[in-house]
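In the two complexes below, chain A is the common chain; its partner is chain B in one and chain C in the other.
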Partner chain A sequence: MTRFLIRRTLQALVVLLLVTVIVFALLHALPGGPARAILGPRASLPQIEQFNHDQGFDQPLPVQYLSYLWHLLGGDLGQSYRLNQPVLDLLAQRIPKTLVLTCSATLLAVAVAVPLGVLQAVRRGRFTDHLLTGLSFLAYATPAFFLGLVLIILFAQTWPLLPAEAPQSAGLGGVFAGFGGLLLPICTLAAGMIAAFSRYLRSSVLDNLTEDYVRTARSKGQSERRVLVRHVLRNALIPVVTLLGMYLPALFGGTVVVESLFNYPGTGLLFWSAAQSSDFPVLLGVTLVVAAATVLGSLLADLVYALLDPRIRTVR
Partner chain B sequence: MIAREQIARSFVRNRLAVAGLVVLLLLAAFSWLGPLLWPTDQVHTDLAAATLPPGSPGHPLGTTDLGYDLLGRLMVGGRSSLEVGVAAGLLATLVGTAYGAVSGYFGGWVDAVMMRVTDAVLAIPALFLLIVVAAMVTPSKPLLVLVIGAVAWLSPARLVRGEALSLRSREYVQAMRVMGGGSVRAVLRHIVPNTIGTVAVNATFQIADAILYVAYLSFLGLSVPPPATDWGTMLSGGLTYAQDGYWWLIVPPGVAIVLVVGAFNFIGDGLRDAFEVRLQRRPA
Partner chain C sequence: MTEPLLRIRDLRVDVQGAHALAGVDLDVAPGAAVGVVGESGCGKTMTALAVLGLLPPGGRVLGGSMSFAGVDLRTANLESLRGNEIGMVFQDPLTSLNPTMTIGAQVAEPLLLHREVSRREAWRTAEEALGLVGLPQPAERMRSYPHQLSGGMRQRVAIATALVCRPKLLIADEPTTALDVTTQHQILELIDDLRRQLGMALVLVTHDLGVVAERVDEVAVMYAGRVVERARTAELFNHPRHRYTEALLAALPERSARDLRAIPGMPPTLTEELAGCPFAPRCAHTTDQCRDERPALTGDERHAWACFHPAPPVPTTVVTQPVPEPVGEQVLLELDSVSKDFPLATRPLLGGLTGSVSAVAGVSLSIRRGEIFGLVGESGCGKTTVGRLVVGLEQPSSGQIRFDGKDIATLSRAERKPHRRRVQLVFQDSAAAMDPRMRVGAILREPLAIQGIGDRREQRRRVAELLAEVGLPEQAVHRYPHEFSGGQRQRLGLARALALRPDLLVADEPVSALDVSVQAQILNLLRRLRAEHALTYLFVSHDLAVVRHLADTVGVMYLGKLVEVGPVREVYREPRHPYTRLLLDSLPSAGAHRSSTAPGGEPPSAARPPSGCRFRTRCPRAEAVCAEVEPPLTTDGGRQVACHFPG
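Here is the complex of A and B:
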């Protein structure tokens, strides 16, 4: 177990380092360099040289990369060009809000997808199974912003039950006070996850139903419900941990769309407005933090998996 | 030949997959043959005829906010969506297959390095990469294909790598190596052709995803410049008006996207089942 833990952690560190290389390369792949993007097409050559000198962009690339890395280790993600604030401060304000959104959506998705997946597996080949399969394909094929808009038109305009805009307050207290405004964004974000998770759980339960231990449990005279809940579901849920880890990038990608549709001031909206105004330090800072969260998330998922399923430790 | 027949037969028996294929053919005919039967001006705006509701004379689906005939625009937009989606999906499949085959075939530290690189790119949400890259350049059709292809090759790469790892130790590959065959020959003639099932299935999903990516990018304001359009651009362009009751600006392109993405997914599912049937029937 310890060896597996060390190996997997080292791998995650290497991946994190590669992520910084990619992000650094992106920053320097800008046509005309960042100076052109910031100062605009009319900036004179001396102005650009001055900017490059101030930002340290006139030094050799490896030196720049090392200094970038050094700043990162000190928690310095750079300064926003447009908002003139440290990127780290901006992120500190926004991350908790995005966490509220993503965690709620994940909880909702798991809570809905687990019963749905089990139901489909138990009723496989029958009407319920076909109906739910059709629905999850539909949910998968619908762009999130289209679904979100349909939800807004239905539940905020036709039947004005919920607000069309997410809570705007700066603090988390206000966000929870206006939680009603988060319901539509949460549902929009959860729809795709529900489709993916329930499909996965359906086949996972089906695979487990043919295992020997199920036959043993049945032959001992246990009720079908007990077999399903105590034996099959427990085993079928283990891979869901990995699935959660794998789904993180898609989840963060979804926040960009959902937060800009519902105007929720989280990291997704920060990222989107930075893209609109070529605010590259913010774009790359958010990318780096999200990527780091993904790497850590999948590391955590693997470790939890190893704890739940001892076989994985010895196989490696 | 028998294997191929088996795949075809099992695919045809899957009703959802056949339905997907029919829907796809209809949408393609609509996009390419439609304008021959229903010629419209999709270049010049006509503000006098803007936002006419469906059923207006001469405009069965109504007109857009700039006065384009919506039915005709759906046809033109479908062409872009399908072209970009298919091209990007195929590009991703091609790159990913080559990458995965090489990584899996060589194994060892080559594999370790190549897979850590995919891990790193995979850790960055595809939408983030797409937005950063699209913010740097002005999008055009070939560029969208390139950009989407550049982030989508990861999943075929990992799938093919997994198969290549097990294929490289098979006897026929070993035998070929003993007879003096080189690595290039092993990868091209033995590894890649044997992963074709996985690759074909994945390619259909890649195309579906690529069409969705195009839609997301246009929602975020990064799409082909007007007067060119695609279903995603039409859908997101209509968003501003949809809340004022102009539902026909978003429903037709929205339905078109759902149909085409759903169709590709059904086809992919059917293909996967068909290939699995073949694998099960093959004597071990």
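Here is the complex of A and C:
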């Protein structure tokens, strides 16, 4: 197990390195560049050249990259041009907020999707199944920004139950204090996941229900409910866990939209505004964090997979 | 007769519109063993499932009565009976255990459901049950998962689960069909023992007449959803009265001589209501009465049959050995110490190879032109790999394969194409090996097109010719492979293999998936095709009875080694290698005499074969020398055997 973890960590490092190379190259291939974005359209050419010289942008790209990497190894992600703050500080401030949002959304999604998926499988072909299937496709096909707007109109304007804006406080304490403001963003983010997971679990449970071991379980005299919970569910969850791991990048994409929509000062919003102002160090920093989270997510999925499925665990 | 424990009367069951059961009568006395036999689709499994209320989706009991110990099963709370009063064992031990639960938890489960016991007590009783079914080190095995056990061991676990509550009735549905012949023998002996020990009744459902022959007191033969004959076991095998039973016994390869008496046609589809006897369309004794009226079970307690024109009560044909076809002297195929190593699976969590396994370890054999060489052995012995090596699907790691005197590894590119024409392969399920989106006509024409034989018109003519040869209608060209039944699929596979007029056919378990009556048709076809086309067969099979019937020469493989080779008649009459003897003793045979020596142990892993003779760990004759020196395959009067102490 230890060797497995070491190997996966090394793999993750290689992946992260490749991510920095690709993002770095892509950012610098963009037209305009940070000088124009920061100094404004009226800046003169000499001013821009001066800025580029100060930031080291007049050096060859590989040299710039190596210098970035060198700083990165020292734990220095650079300075945001726009906010004039170290990127590390920005991330430290924003990541916990995004984690609160994404983790709540994922927990909600799993908590709703599991019973929903099982219900659909058990009621296969009947009204409940058709209804839930229809709703799933609707939720899956609705873009997050649209769903968010609909929710705002319904629950913040028509029936003013919840605030339309997420909590703005800098600290996490404030976020939890104003958790009501997070409910709409969480629901917006969770809707697509609920649809995807419940559909997946439905077919996974259906597959498992036809397995011989389920017949054996019934032949022991268990109630149908016990068969489902004790025998089928665990086996059916195995593929869903993999899906969860793969869903992480999509989840971040969702936070970019949802955080902008509800003006929630998390990583997604940070990324969005940095992209608009070509704030390279921030973009690179966020991308790195997301890449690391993705790699970590798939590693976690593998570990949970092994926990659920003894056939993977004990392969020697 | 005492009041039966299980009593089924006129049971009718529909499964998705098909009349799966059309009036089944069955009695099982307390402590008695009843065999329910029949071909696939006859309703034997449905009967078993209906008793426990475990019919598949779309299954419905339409009428009739079922009672167990006086309780009406159609209204009873079945959950309290299942696993408690009635235990059930299913066919495939590889899939019928929950892969994510420990063995202990699965065996203990019925106790926790039906008995007021603590977890600790349930665990202890489960451990006892595992000991009872002969699982070595039950205490340690309790925490194992199913995938860590072999198929035979898993079936023992399944039996332990079924018996842990000491049921009055055990229903075993094809409990040994997925197992190797020596393991099958062990499991059947185990069920026998436990039944006597626990005094429970047994319903043994199987397609294999040999399995029930000496195991049960009474046999019920099913056909098209009905019990057509029921009798004391010996009575049934010696004096079958129903014409179907008679025909079925005659189609058994171990029972008959030259050509098997195959039953023409196929069992009826069950979607239509049948007015008369369901066997009438295939029966040689049919009259108008058979077609119009449904025969009822007539006879007495000892023997009853549902037939208007029963067979006379005289003994059936005596077992006679087939006379081998005259075989030429010219050697067509020769294997010279051929080995094939496969890398062991990479460790998914760690990566890297961990060694290799020799699926075939130095096999030498020669097949003469016109010969049928039967290659037998248990699963994993390497027989299939030999077949794949011969057709060139695998390259040998070492050794030479010579076809018609030429080493096939040294063939030039130009020589290879015509060579491929001469060696063809037939699979266990030939249709599964065909492109499901191609019509039969295109499938059969493809090899001709690839080899550039004739123009389109000639190819079409050849296809029609091939279909006629294997007994399929000409219209078959327009249909897709999945539209054919098992036997027809095998005919298709043969037609495809024959398209290029090969010299050698490698047939890998070609009749293993077929019912007895259809199996007989295909075996007869194979025999006829050999005579008409001067074919040579390498016939790979786990079924010793089929090989005895068809082959001229038999080779027995064990863990990648050929341990005995010789003319079929001599090897079966007087096996010289102890492994061959073990296989033959394990062979369930309808009516033949069976020795009672229970075979020991399971084959070791081919990845770590024992030193010296690979069979020594299971061999009753093993001595010190067997662990040190590997016995070579030595020739002695037309027979070859690899043993230090041949019998």
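Observations on the model:
Keep in mind that, in the parts below, the second predicted complex is superposed on the first by the 270 of 316 C-alpha atoms of A that agree within 3 Å, B and C clash if a C-alpha of one lies under 4 Å from a C-alpha of the other, contacts with A are read in each partner's own complex, and residues count from 1 in each chain.
As a working rule, a residue touches a chain if its C-beta (ideal position, glycine included) is under 8 Å from a C-beta of that chain, and two chains touch if they have at least 3 such contacts.
Fair warning: this is a prediction, and the values are worked out from it, not measured in the lab.
Of the two partner chains placed by superposition, only chain B is touched by A:Q11; chain C is not. With both complexes superposed, B is the one of chain B and chain C in contact with more chain A residues. In the superposed pair of complexes, A:Y140 makes contact with chain B only, with no contact to chain C.
After overlaying the two complexes on the shared chain, residue contacts for A:N235 are found with chain C alone; chain B is out of touch. Once chain A of one complex is fitted onto chain A of the other, the partner contacts of A:V290 are limited to chain B, with no touch recorded for chain C.
Look at A:R218: by the touch rule set out above, it reaches chain C but stays clear of chain B. Contacts of A:L154 after superposition on the shared chain: neither chain B nor chain C is touched. Contact with neither chain B nor chain C is seen for A:L66 once the two complexes are overlaid on the shared chain. The contact sets of chain A with chain B and with chain C never meet. Contact residues of chain A toward chain B in the complex are 11, 14-16, 18-19, 21-23, 26, 29-31, 37, 137-138, 140-146, 149, 152-153, 157, 249-250, 252-254, 256-257, 260, 271-272, 275-276, 278, 283-284, 286-287, 290-292, 294-295, 298. Contact residues of chain C toward chain A in the complex are 52, 54, 78-84, 87-88, 90-92, 95-101, 109-110, 113-114, 145, 147-148, 158, 161-162, 347-351. Across the interface of their complex, chain A is touched by residues 116-117, 119-129, 131-137, 208, 212, 215-216, 219-222, 232, 235-236, 239, 242-243, 247, 250, 254, 257-259, 261-262, 265-266 of chain B.
Chain contact summary for the complex, chain A toward chain C: residues 1, 3-4, 7, 211-213, 215-223, 231, 234-235, 238, 306, 308-312, 314-316.
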